[in-house]
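The letters A, B and C name the chains in turn, as written, and every chain counts its residues from 1.
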Amino acid sequence: MQPEIAGKQDRRFEHVGVVREAAEEIRRPSLTYLQDSWRRFRQSKAAVAGVVILLLFVLLAFLGPLLAPSDYDATDLGQSNQGMSWQHWFGTDELGRDLWARVWIGGRVSILIGILAAVLQASIGILVGSIAGLVGGRVDALIMRVVEFLMAFPYLVWVTLLMMVTGSGILPMVLALTLTGWLSMARLVRGQILSLKNEDYVLAADSLGADRRRVITKHMIPNMMGVIIINMTFAIPGAIFSEAFLSFIGIGIKSPQTSWGLLVSMGTKSVYTYPMRLLIPCICISLTMLSLQLIGDGLRDALDPKLRH
Amino acid sequence: MKLLKYAVRRVLMALLMVFLLVTASFFLVKLIPGSPFTSEKMQAGNKEAIYAYYGLDRPVYEQYFTYLGNLLRGDLGISYKIRAVSVNQIIADAFPYSLDLGLRAIGFALTFGLLLGIVAAYRRGKAMDTLTMVIAIIGTSIPSFIVGFLIQYLFAVRLKWFPVAQYRGFAYTVLPTFSLGLGMLATIAKYTRTSMLEVISADYVKTANAKGLSKRRIVFVHQLRNALMPIVTLLGPMVASVITGTFVVENVFAIPGLGRHYVTSVQNLDYTLIVGLTIFFAAFLVVMNLLVDFVYLLIDPRIKLEG
Amino acid sequence: MKKLLSMLIVTVLLAGLLSVSLAEEGSSIRVGLGSEPISMDPHIGNDSNTSTALLLAFEGLLNAKNGKIEPGMAESYEVSADGLTYTFHLRDAKWSDGVPVTAKDFSDTWARMLTRKDAMDLAYLIFPIKNAEAINKGEMDVSELGVKVVDDKTLEVTLSSPFPFMVTLFTSSPMYPIRMDLVEQHGNAYGNDAGTFASNGPYLMQEWAHNDKMVFVKNADYWDANSITFDTVEIITITDPNTMKNMFDNGDLLWMDIPSPDMMPSYEGTPGFSHYNAGGVQFIALSHKGTSEETAKFTSNRNFIMALSSSIDREGLVKAMYPQNAPFTGVINPVISDELGGKWGDSHDVTDKYHKVKADPEAAKEYLAKAMQELGYASAEDLPVFDFFTTAGDLQRTLAEYFQNIWSQTLGVKVSVRQLEFTQYWENLYNQPYDIVRTGWGPDYDDPFTYLDMWNSNGGWNKTGWVDEEYNQLMLDANKEQDFAKRNEMFVKAEEILLTRAPIIPLYVSRGAYVISPQVEDLYVNTFGARFDFRYAKVTK
């Protein structure tokens, strides 16, 4: 937007005249928000690598156990404490159970817990957060106090307590993780709604007489989706981590089920004798975390309207 | 005056919150099946005697009012499992260790996290940036309970640079500080980088540049001050949870901090200790959040008090 | 903000070292324990770690040294001809604060033990003393206790019936003397810190940093101070097994009880490695009441119990999971003394007699078929799912998963596993319905009776609902029997009844292993009471 200074024609430039058709030409294909985001997401090598790793793990979690010589919980004391071999790719544990099968069954459980917990946390968080944000006033104040109240509980104490009351299992574990997990989502959604409420286009839609539902479905939700999705991608590894941690301190899922956290926990006990029993599930957790984080970062960049070009 | 009024209101709210927490946790712990006093070889009648001794045979509401009365005098009761030691004493014994370790870890994480984050933002896309991101992702991808173990194995057992465990002097603090700080460092670096990137291209920085202000002034007064806002928010709960004790690091390095009590008090159904720890933690968190709010008031020019 | 930041950093740098000096070089021994001793009040804890610490600081009337009973606070003692009255003659000994140890200290201590309301777990251990049980139950006044202070240095103890192994009880930690004046002075705090109690043993507690370390220094006034070599004994609490191992390997500890069976292979065969028998017997018990009427029909069915038992490969299980343990198919631990001067296991071997060490899947299936026929079931698929509960922890989890899987593989019997913390475990075992429980029993004294009395359904531990009048009578008779040979025969009969009628499935005897720096010798390991005795340990040069 350099203003042309009269009489001082810059010699470096040459006037080419005006071609009206060219001015109207659209060189880039028209892309919707999602298409553009997807395009940008694909461009991020790290994010794509994350997707590939994650898909690989999901695939292995579902198909891996089929390739094992025996069920994950089938004991065979004659085969106990074996190293890696053609028959047992990851070796066996003290009860002679095939670790390849156990690692992938454990992966199933860990990933399942991660996804279930993330979805549950998000659902509660979105519901409560949007009620707080949309209704506002006293309801909002009350909800926020409750959120603060729950945050003030020492997490470990109350999760341990909950698990002692409900007994172990996948569902109690998911509930325990949700206990405090939904709080950050609720805060986030509330914050988003409060700031969206003041956005010009929402004010415009309001003043043009659009009904509430239309404002919410057409304006608010699409604008919040990005933030919510990103938060969920980070909630999944968070839940997998917490599950692993709880298993590590001995409040895990129900026998004979296993999970990565439990395998790590068992692995640390025998790390000096059989280091692979710790390393393998550890690498699985770390790579899953890594891939989910890369995807999350990629999504954040891709979904951020400010970075759209 | 406004500030004072605001402060008083916030503090009152915080007190109310702690009171509600005490009430909720006091009744919740009684719902857990099991008993702190059953043991292998207990004889018939002994359990009743012990319950009577600790006043656990009285109605729950009566126990609650007694507890509240004691609490007002600052007495958190006596532990059932760590026989007859007062909860105050348990916290007083263990907290200094957790506090010391927590402060070190936060100092370590904050120093290097901010440094890495800022440098990465200025060198966006360069080697330093990539390195920061790699550290950030590694730091948040390894389960916390493995980090301590790996660090101990590598630096104490293999290389013998530092003692294996315990907390007896500076050399002993290095590995636990590193183990505890690594995850925080990664998070702080990541947040700092993101918010610095936003700040660098903000209008007021452009204006400051255009005014010809010194680079130093711009970095410290205009950029850092604004970029640190999200970190301050993040720091409140982080400091509270780290300083009040962490189970894993304290366990691996045999540090007698508060962390173990969070897990064992519940396993032991040590009612008074569970409630005592809850109060302690909540009070700490509430204070930290208050502090964060006041820091906000001081550093954020956009926030003005209403009413 | 900058100020705040720099202030924070400075605070961190100045936060200072929690300065605790290392034990001085030279004549000191540092050992690691996996959990902190509970209290220095001998009436509160009797787990092996607490007893280990108590043993350093206290001494009873008699002293067990490397398995032999020797004089302790009593220089000498006499037993009356009927075996009922013990007369002790105390030596001139002093408490750590210089006050002389008197006969009254002992009688006061035992009176307190029976009547205190806040901790009575251990009171039953002195029930052999006349009227002790009635006093503990509140049926009799404490002045009726069969203990008489003749003078400051003479104590007379009367038993309700002769109890051949009473002398071992006089060495045990619950019978150590304590100072009642200090108990009154310190109240609840008694025994919780270094300055809150007095002791009379070879070491005095100098420092107790909770959950960290206990430091004991040699008591120069101890009557047998010449036998004590180390000036200090430092007990470190390390809960993480790998940390314990790392510290030992680095030379930070001179001794450790190997904290995880998986670590055995790295020490086996090295100098300083030793196995010990922990005295415990591990088994599975079944409830006659069950969680429902349907499960109860099975859990009280002999053939069903034998089907479960025959499916278990004890030898393979122990070899794979607990290389230090030994498979076991009896009730009385073979290392216990029989009453005729030998070890029970040398003269009475029930290996493979009633239950088999190795799995026998065919026999197991036959047993189940018989059980189902008796109970009117056609197929294993119609069987209910059984409840199985055990304690918390990874090892217990693996063990439970073995049973769960092997019963399902061999028999098609399904169990649902619960792992409970101790606070819930005992409560569940005593007061709640269950089908199957994995449990164990440690001996209180060196006599086969300690493993048998618990199955008596009149009192005792037996909460399975199993009642056998013949067995109860046998226990009563054995208690009265004076002839050791006859008593021994009764024990054999009792063990047979338990293995053929009681709802128990023996698994293995628990053993442990420790490793000690090769320069240290004369560390004693006891099967009863304080497991590890560091008092006489010394360095070989």
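The rule we apply is simple: contacts are C-beta pairs under 8 Å (C-beta built on N, C-alpha and C of every residue); 3 or more make two chains touch, one makes a residue touch a chain.
Everything quoted here is computed from the prediction, not taken from an experiment.
Undergrad: More C-beta pairs touching across which pair, B-C or A-C?
TA: B-C
Undergrad: Of all the chains shown, whose C-alpha centre falls nearest the centre of every protein C-alpha atom combined?
TA: The chain sitting closest to the overall C-alpha centre is B.
Undergrad: So how far apart, in whole Å, are chain A and chain B when each is placed at the average of its C-alpha atoms?
TA: Whole-Å distance between the two chain centres: 24.
Undergrad: So what's the Cα centroid distance for chain B and chain C, whole Å?
TA: 38
Undergrad: Could you work out how far the Cα centre of chain A sits from that of chain C, in whole Å?
TA: 48
Undergrad: At which residue positions does chain C touch at least two other chains?
TA: Answer for chain C, listing residues that touch two or more other chains: 242, 392, 421, 424.
Undergrad: Which positions in chain B are in touch with at least two other chains?
TA: 33-34, 149, 267
Undergrad: Among all residues of chain A, which ones touch two or more of the remaining chains?
TA: Each of 164, 268, 271 in chain A touches at least two other chains.
Undergrad: Would you tell me which residues of chain B are touching chain A in their complex?
TA: 13, 17-18, 20-21, 25, 28-29, 31-34, 137, 140-146, 149, 237, 241, 244, 247-248, 262-263, 265-267, 274, 277-278, 281-282, 285-286, 289
Undergrad: If we count contacts the way the header does, which residues on chain B are in touch with chain C in the complex?
TA: Interface residues on chain B, with respect to chain C: 33-36, 38-46, 49-50, 52-54, 78, 82-86, 90, 93-94, 96-97, 100, 103-104, 106-108, 110-111, 114, 149, 152-153, 156-157, 160, 163-170, 173, 220, 224-225, 228, 232, 251-254, 256, 260, 267-269, 295, 299.
Undergrad: In their shared complex, at which residues does chain A touch chain B?
TA: 145, 148-149, 151-158, 160-161, 164-165, 241, 244-245, 248-249, 261, 264, 268, 271, 278, 282, 285-287, 289-290, 293-294
Undergrad: Can you list the residues on chain C that touch chain B in the complex?
TA: 1-2, 4-5, 8-9, 11-13, 15-22, 38-39, 41, 44-45, 117-124, 136-138, 188-189, 192, 209-212, 236-240, 242-243, 246-247, 249-250, 252, 392, 420-424, 426-428, 430, 459, 461
Undergrad: Hey, which residues of chain C end up touching chain A in the complex?
TA: Listed in rising order, the residues are 241-242, 245, 260, 262-263, 265-266, 313, 316-317, 319-321, 392-395, 397-398, 400-402, 404-406, 409, 416-419, 421, 424.
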